[in-house]
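In the two complexes that follow, chain A is the common piece, with chain B as its partner first and chain C second.
Our next item is the complex of A and B:
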């Protein structure tokens, strides 16, 4: 079965940890992930500027490793990312900001990418709230 | 045939960017000519109230985005009647034409659509 995973909460929310564990289970069970889409506070997971205390799980880092290892299509909504300060090289240049903090493995794009993924998939599971 | 989305919008209009971001999902579907319905539930029903004054909160008017929905081809709009009722708004006029639905009809809507997305 083909899944879209929709991440709506920040990496500090338990929902984002559950999203990762669910996504790992999807692949482990032999299913396919068409796209992971990061929207609302979910875009913060794609920042490589997060610093997590040593005695806590770094869920953003785990997400990035999972995406990279499995070569997943990970799209971060560009409008939601800009207003939360997650920028890639092109956007930092466009808006004359010093920090480029979109982690490797992610790409900024529009909400059309969410709808495009839905059209290809069988299931979309959203993780938001706490 | 294109797969359909039921977007359940639960955020109050002036409680942050949430309601506007939910609406953007709908407008994007409209821009790509994809079938999407919106169900306003919980505090989301407050988005539909007439004559809001966002200027008092130094906010941008969300109702302009809502009014744009039909122009984007998003015309299936529903509002949970019990959510209006518990907020004392049972008979209030709405700023947008939305079908008032009971719990049974909500179950039906959830079954009818390929995807349900709650924001």
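Our next item is the complex of A and C:
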């Protein structure tokens, strides 16, 4: 079965950890993840500037490792990312910002990518709130 | 067509649960995760509402969230889930609705 995982909360929120554990279980069960879409505060998970205290779990780092290891299509909503300061090279140049902080494995794109994934998938599971 | 409803917020914080109960149909399931598991506390208003739902509807909760909050899930007929079981449920129901 084909899944879309929609992440709506920041990487500090338990919901984002839950989304990761769920996504890991999806692949472990032999299902497919068509796309992981990061939206609203979820885009903060794709920043490589996050510094997490040593005694806490770095869920953003775990998400990135999961995405790259499994070669998942991880799309970050561009409008939500820009307003939260998550930029790739092209956007940093366009808006004349010094920092490029979109982590490897992610790409900025539009909501259309969520719609497109929904057309291909059997299930969309959203993880938001706390 | 049965629907699996996923609820993540405590019943005192949002109207997720009351909205869900309004559209809950025969054969549907509800998964409580995160702070939403507070709804399962014995004697709470939410737990009383859950006791009144159609008998064909099933109640599930993410085990790690129930244990982390020391909630006695014996008061209601609740099936506790690990992540593989959560995924299997999403497959078993014909639709999934994530309340956010």
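One rule holds for everything that comes next: the second predicted complex is superposed on the first by the 130 of 130 C-alpha atoms of A that agree within 3 Å, B and C clash if a C-alpha of one lies under 4 Å from a C-alpha of the other, contacts with A are read in each partner's own complex, and residues count from 1 in each chain.
Basically, a contact is a pair of C-beta atoms (placed from the backbone, for glycine too) under 8 Å apart; a residue touches a chain by one contact, two chains touch by 3 or more.
This one's a predicted model, so the numbers in the text were calculated from it and none came from an experiment.
A.B. asks: Given the touch rule stated above, what does A:15 touch, chain B (first), chain C (second), both, or neither?
C.D. replies: second
A.B. asks: Quick one: classify A:118 as touching chain B (first), chain C (second), both or neither.
C.D. replies: A:118 contacts chain B only, not chain C.
A.B. asks: Considering only the touch criterion stated at the top, classify A:1 as touching first (chain B), second (chain C), both, or neither.
C.D. replies: After superposing on A, A:1 lies in contact with chain C but is clear of chain B.
A.B. asks: Which partner reaches more residues of chain A, chain B or chain C?
C.D. replies: C
A.B. asks: Quick check for you: in the superposed arrangement, does A:110 touch first (chain B), second (chain C), both or neither?
C.D. replies: First partner only.
A.B. asks: In the superposed arrangement, which partner chain does A:39 touch: chain B (first), chain C (second), both, or neither?
C.D. replies: first
A.B. asks: Applying the touch criterion given at the start, work out whether A:94 contacts chain B, chain C, both or neither, answering first, second, both or neither.
C.D. replies: In the superposition, A:94 contacts neither chain B nor chain C.
A.B. asks: Applying the touch criterion given at the start, work out whether A:128 contacts chain B, chain C, both or neither, answering first, second, both or neither.
C.D. replies: So A:128 meets both chain B and chain C here.
A.B. asks: Using the superposition on chain A as set up above, list the residues of chain A that contact both chain B and chain C.
C.D. replies: Touching chain B and chain C on chain A: residues 6, 8, 124, 126, 128.
A.B. asks: Quick one: in the complex, what on chain B touches chain A?
C.D. replies: My answer: residues 2-3, 5, 17-18, 21, 24-25, 28-29, 31-32, 34, 114-115, 117-119.
A.B. asks: Mind pulling up the chain A residues that touch chain B in the complex?
C.D. replies: Interface residues on chain A, with respect to chain B: 6, 8, 39-40, 79-80, 83, 110-112, 114-116, 118-119, 124, 126, 128.
A.B. asks: Show me the residue ranges of chain C that touch chain A in the complex, using the header's touch definition.
C.D. replies: 6, 8-9, 14, 33-35, 62, 83-84, 86-88, 90-91, 96, 98, 100
A.B. asks: Where on chain A is chain C touching in the complex?
C.D. replies: 1, 3, 6, 8, 14-15, 18, 21-22, 24-26, 28-29, 31, 123-130
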